[in-house]
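After the structure tokens below, expect a handful of questions from me.
Labels A, B, C and D are assigned to the chains in the order they are written; within every chain, residues are numbered from 1.
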Amino acid sequence: MSDAPSTPAKKVNRLGLDLASYRGSKTTLCAGCGHNAITERIIDAFYEMGIDAKKVLKLSGIGCSSKSPAYFLNQAHGFNSVHGRMPSVATGAMLANASMMAIGVSGDGDTGAIGAGQFMHLMRRNLPIIYIVEDNGCYGLTKGQFSPTADQGSKAKNGVVNELPPLDLCALAIELGASFVARSFSGDKKQLLSILKAAIAHKGTCLIDVISPCVTFNDHEGSTKSYAYVKDHDEVLGEVTFVPYFEDINVEYEAGSTTNVKMHDGSHLYLRKIAEDYNPSDKMAAIHLLHDTARRGEFATGVFYIEPDKEDFTTSLNMVDTPLAFLTTEQVRPPKAVLDQLMDGLK
Amino acid sequence: MSVVNDFTIQVATVNGSGSQTANLVLLRSIFQMGVPVSGKNLFPSNIAGLPTWFTIRANHRGYIARKKEIDLLVAMNPETAKEDVLSLEPGRTVVYDEPLKLNALRDDLKFYPVPFDKIVAEVCPDAKLRRLVKNMIYDGVLARLLSIDLAEMEKALGKQLGKKPKAMELNGNALKAGFKYASENFEATDAYKIERLNKTAGQILVEGNAAAAMGCMFGGATVVAWYPITPSSSLPESLIGYLRKYRMDKQTGKATFAVVQAEDEIAAIGMVLGAGWAGARAMTSTSGPGISLMSEFAGLSYYAEIPGVIFNVQRVGPSTGLPTRTAQGDILFAALNSHGDTRHPLLLPGSVEECFSMAIDSFDLSERLQTLVYVMSDLDLGMNTWMSPTFTYPDKPIDRGKVLDEAKVRELGASWGRYKDVDGDAVPWRSLPDTKAPSFFTRGSGHNAMAVYSERPDDYQNNLDRLARKFVTAKSMVPAPVVNLRNGAKIGIVAYGSSSFATEESRDQLREQHGIETSYLRLRAYPFTADLDDFIRRHERVYVVEQNRDAQMLGLMKMDLDASLITKLSSVLHYNGLPIDARSITDGILAKEGK
Amino acid sequence: MSVVNDFTIQVATVNGSGSQTANLVLLRSIFQMGVPVSGKNLFPSNIAGLPTWFTIRANHRGYIARKKEIDLLVAMNPETAKEDVLSLEPGRTVVYDEPLKLNALRDDLKFYPVPFDKIVAEVCPDAKLRRLVKNMIYDGVLARLLSIDLAEMEKALGKQLGKKPKAMELNGNALKAGFKYASENFEATDAYKIERLNKTAGQILVEGNAAAAMGCMFGGATVVAWYPITPSSSLPESLIGYLRKYRMDKQTGKATFAVVQAEDEIAAIGMVLGAGWAGARAMTSTSGPGISLMSEFAGLSYYAEIPGVIFNVQRVGPSTGLPTRTAQGDILFAALNSHGDTRHPLLLPGSVEECFSMAIDSFDLSERLQTLVYVMSDLDLGMNTWMSPTFTYPDKPIDRGKVLDEAKVRELGASWGRYKDVDGDAVPWRSLPDTKAPSFFTRGSGHNAMAVYSERPDDYQNNLDRLARKFVTAKSMVPAPVVNLRNGAKIGIVAYGSSSFATEESRDQLREQHGIETSYLRLRAYPFTADLDDFIRRHERVYVVEQNRDAQMLGLMKMDLDASLITKLSSVLHYNGLPIDARSITDGILAKEGK
Amino acid sequence: MSDAPSTPAKKVNRLGLDLASYRGSKTTLCAGCGHNAITERIIDAFYEMGIDAKKVLKLSGIGCSSKSPAYFLNQAHGFNSVHGRMPSVATGAMLANASMMAIGVSGDGDTGAIGAGQFMHLMRRNLPIIYIVEDNGCYGLTKGQFSPTADQGSKAKNGVVNELPPLDLCALAIELGASFVARSFSGDKKQLLSILKAAIAHKGTCLIDVISPCVTFNDHEGSTKSYAYVKDHDEVLGEVTFVPYFEDINVEYEAGSTTNVKMHDGSHLYLRKIAEDYNPSDKMAAIHLLHDTARRGEFATGVFYIEPDKEDFTTSLNMVDTPLAFLTTEQVRPPKAVLDQLMDGLK
């Protein structure tokens, strides 16, 4: 009403939407679960980037992590599919409608164990998707068994020791052909947000391995995925500040030794190097870094590898602009003459 | 006196020896002479060097099912020649590679030795090419022996080789050389003869997989995810060819489809469900091992109500089994495919024509029911060459079922729920991403009618009950069986799929040779419609003919039918990996009839 | 007058709030007082923060199935408290967290408000621990209200917490504080009472998964490959505990077993088959989604005749469904598990005791038949706490079936063929690697009786026929049904697995409350034995009780039974995800009986 | 008979067996198929190393390649399992009887596509097995479709172009933890034999990627897996000569710049380096080499990586010496007292 007292303008993004419009249902995860912090950063990133949630597809497998898509972007369609198979479901969905933006959330069990094959092939295809692994080194939803990213030698609450070396999903993703590979920590708000925003601007597979402690099952001594351990051993590769194309280039970040990566959509990503000679377009250097830090029992974080111009899978399929989902009978059914011609050939 | 237009030729070779062209030319030349034919390839599960048998049946009455007995054997494979010859009925004819000396084996057969290597050396100077060209010689010999017009053979060869002048010349010469050799060396035989007829006009020759591929193209398939497997691969591979040719947008040259060779069958069905969920007409094609691997996703699709089409070109079980042997062995497993209470509709094409039409219909059915549809073909139907009337262009536009558009969104308003039965047919309205319709979150069974997460017992049970009602609705959407009632027939036969042609032939045998009239119901879909009940009720005894050991379709029938009807049913089964033949059915029925 | 030893307590909490200890102490204290009990946990599919209901049934007659009606509610969860209270029958009792003010909701219930936070603050100085200790207070309150001996509670607490003095002290204090509060504030109630009985002597309290794990250990399992999944995980996890404790070689301290957490269910079953093939007693444990994924390998095992045991702790369908809800929903799918003609034997444990004994027997059965055996447990049986007689130590040594040893090799000589039926029971002799017996090459169905590669139709069919005969042999090896015939009963009931206890209780209801005598056949295995035919023949109408929508066991029965028997059969089904209860069965039968 | 004319002594190995004892059934593969040459080398290697075939388990998935185990070591039990799942079957078999030696044969489709997940986890476990991928860049048995090791841009006979980058199974195996990783070419008798013999002596996962042309479907222009192409582009990393412990150390090989690797069984493997600084115990160098050669469109061959002392999976399970398969009732069924004790605890 016109005579209502004026309230301070609600903060909105470039689409005129407030942060709340990017939220999802109430979480049913444990209080303090790293996955919830990641959910928050996803909300922030889509809000800050001003993405239309109706243009987003949310996909997941099964696990505590895979429940997350229900907790952000209520306006987006979501699909909690089966264990380890998010990659194929996402691939199909993006073929049906390549104009969408896909975000897939998985767990280290979902991706590294049962889903390892699909993970490999999604990376190889460079499907345009933000593929987040909420990595807690255990199977949260089934009560804490070791996952393939559990640290060698760490001890579960029941006393069983993990004898196997962890998979390094980032090193694998780089080897397999993903065009954007990063790692962060669920508790590192700033870095995770920057990486997510950069991923939103990238077209191709963005594998983001987010160390995300399971407070219930994996927050025990011996596990490197617990909060305390990670905080001590978290080697930050570089601070990431993202400059989206719809904002002023004038972003606060410290000058210094930077690598300016041109993103797919024309925006730029600046990486502040800690290692003097680090170059995110050099695969070997990235793998080197990952092996080196891993050998020291540390986690490298940051964006390890970017290949902004690598052709993504949907583009390579040379599909018509209208999403396949919306083609009409006329567009998908050749005329009778074609059938006649085919029949003639078989007579 | 010679047998005219009613005999079976078997060419025994080694696979990888390039006999396919010769066999198809032989097949087609008979077809061109107006005589109904069919061709069946019995091939091994390797690429080269093992025994293969190509069987051509010519039959003036139009029987195109397999016939057990071979009338004329072309013995090119030393490894099997002896056994092949020994298994012939007396009085039959053998054309063979001279060095094999098969004539020494029996004296109750007619033998025609041909010195293939000698002849080929004369017509093909390049030694490396001789292996390929050699087979054409037996076509020439047969043209002479069977009185097939050599011009028809040359025409068929042209059709087969297209615009390859050098190949045409070489093969044409071999053909003629064979003909010449036979003319000069064999007295004109009267045993078997092809005479011109007028029974193939308006007919085509095609494999079921190619027919299904055409159906997929005209059915508007947009996303195809597949993984190679025998005997399914030629379906998606033909489809790729058709799509690249006929489904590129005229203006932009871009594709109105996406085809992905997935990393395995789990990924293939995952892509199909992802695509179906996001609004594509999505499909995959596989065989039994793939169906097994797709089980988990199949259950999800049933509960989450996602459309998609699975072509199951059946082969015998299990994996590491015999991928090149046919069966109707996945009926039960596909209908029930997944843990928990799950049912899937099956379409049962009984001809290559239905491979085409049911492929088209399967997409509509799947979207209208919002569930996976299995099209149950098999190796015999899919990979063998069948005569068929030309296919009919679809007369209705594509039906995408209950997809919310803006008008419907306005009409339903807040009363819309993804899993709410607003129309009383148990089929809810679905909402696609990237439209004006409301979004929702898709999960398996943990939801209420509004697609909100729920673990409540009543929500779960209500949903299960609605899904069961939806399966009843399916009965009104699936193709009805084809019923042929005979006056006074006490016996009914139920068959389906590739058993159909042999069953029809068997009915003629029963009537003509044994004086037994039978009625016939050809199932075209599961769930069954009331026609099946009616049919059984009308008859005293009903035989269910299938190509599996476990009477699988009968099993499904027993689960659904009233017990009083079940008492009338029994099975005639054929499950040795070869296509079923009429005589086996006839014998099976006679045995059960105590005759 | 109060109800003695016959009522149901439901504790409504939030999961992750540490109520499990309190609930088990309550359960056990009643058990210690000699009163039969059972405990059921209805929990959500997440880890913390969602509603959970633990239900304890005390019953002097020994009924241990679920009872629908709740007599005493402990309402700790604000989220569900209102609905929980509203759903009670009049006259029932509610203990609740005082701030919830539930007494305002109805005036036909007895309400006991307890200020939990106040009490816990007094007994637990460390604020961080209070959440955990708080639940013990309601145990104290109930001890007072239900006249449970506080000493029994303390004993039960000791059993639960073991040697943790600090936890013992804190919880003990909370218990006492609850008791004290109730004593001081509530007039002694007469509504429900536990009185000492002598009906639990020689009984134990155990979950089915733990019982099965013990069975696996005593059954001599040597290779265990598994993948976590609710409600199966606790079986292999218990087994790991037992093996590490009781199956380390005394001399060397080394393991007589190998347990592998596989990367998924396909790998798990692959490891089982690899191990079974090489001579181990191998097993896996899973639930429906795993069964779906194992389908392909299951078919291979059937044809290649490799032993292995699969525990299927069933939950409702599909994947992404409700992993914490129970069902007997995989019966059909497991029995038929794979493409092609395939059948698998099922064992159907009907109690925790049978979870133990059938686990032992399953390994023998599997090796004797050289095929996979499915042990069909379910969430209710596997994860809930059941009273049972103590288990019996196996009286026969392990039976490894027909494995060639040196003597047998000499005896059979060259006549041995891996797939040759030398004994007429269709079970061939197998040869293990690393023995003196001849080696052979293992494949699916592409082999003859000598295990030589073959694509011959007769070899294929002969093998299929032998496998079918082997399934007939299985009838003589599987446990026979348990039959209880009543004089003059016209009605028979068939049930199996976790439906058994409710079915037995229902029979009492039918007899005592409705004057209907029933006979009972409890299935313990598939394939069915002639006992089933006999049973059906003896009765006019037979009801098949199951916990699924699609009458799955009835479906299997229809496939096997003579049609004249099928006319007598109909179903009583329960499929809302909760364990079946006697009243539902009774009502179902009464309705069909027209009463 | 004593009066028989003396014949020249049949050549036998240390077990007194001739080469024929190591053969299998007649091959049913195409004449000229690379897989057959590999079969021959396997026969040679087991013969020369004097392995008792009764102590060998032969395992495979499905494909032309997976048929091979039928063609060697007739005395060994063999298992042609299902497509892509040889790793799990082999794992189970080795658990049942850890005293055996396992040889698994797979194809690039079998391993790289449907079997990618199991491949990963077998490598990670370092299961003792010789895991041979008969790598032809196509699906032979299903008639020539592209496999995940097909070269990007190569054209199948039907004209379809492969748009995806190939998986490098060796680089992946190294990343995943295999302790012996090599590549050879089916036509290179000497190198392949040496590598196989070295693998036989190694305890742990030996991944051997053998380029093996499919003469029927993949021997066309555009494919780098055809004989002609491979011969031209085959970069030999080093000649491998193996000195088994039961032969004289005195083996013919050229001296020079060599790396002496001590094998698990005490025998030695000498690598002749081409690259001056190559060291097969350096993961990063191996990955580097693979990336570098791949970038140049070449195949490095040789043994890339060896970690002789890495604990293998069966050892880590601490099993009794008697194979589990042969334990008796007494050994696997605890006494009644144990049951009584368990029952008491539940009363």
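Here, a residue touches a chain if its C-beta (ideal position, glycine included) is under 8 Å from a C-beta of that chain, and two chains touch if they have at least 3 such contacts.
Being a predicted model, the structure only gives us computed values, none of them experimental.
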Decide which interface, B-D or C-D, involves more C-beta pairs in contact, and give its chain pair. C-D
Option in A-C, A-B or B-D whose residue-number contact pairs overlap C-D by over half: A-B
Dist(centroid_CA(chain A), centroid_CA(chain B)) in Å evaluates to 43
Using the average of all C-alpha atoms in each chain as its centre, how far is it in Å between chain A and chain C? 40
Residues of chain C that touch two or more other chains: which are they? 44-45, 263-264, 289, 296-297, 300, 319-320, 443-444
Touching at least 2 other chains, the residues of chain A are 80-82, 113-114, 116-118, 120-121, 148
Interfacial residue positions of chain D with respect to chain B in the complex: 28-31, 62, 64, 67, 80-84, 109, 113-114, 116, 139-143, 145-146, 148, 158, 160, 216
Which part of chain D faces chain A closely enough to touch in the complex? 113-118, 120-121, 124-125, 148, 163-165, 167-168, 171-172, 175-177, 283-284, 287-288, 291, 311, 316
Enumerate the contact residues on chain B facing chain D in the complex. 16, 44-50, 227-230, 233, 237, 240-241, 261, 263-265, 289, 319-320
Which bits of chain A are touching chain B when the two form their complex? 25, 54-55, 57, 59, 69-70, 74-82, 85, 87-97, 99-100, 117-118, 120-121, 314, 317-321, 323-329, 331-334, 336, 338-339, 342-343, 346-347
As the complex stands, chain B meets chain C at residues 44-45, 287-289, 291-293, 295-296, 298-300, 302-304, 314, 316-322, 324-325, 327, 329-330, 332-334, 336-343, 443-446, 455, 457-458, 460-461, 464-465, 468, 548-552, 555, 558-559, 563-564, 566-567, 569, 575-578
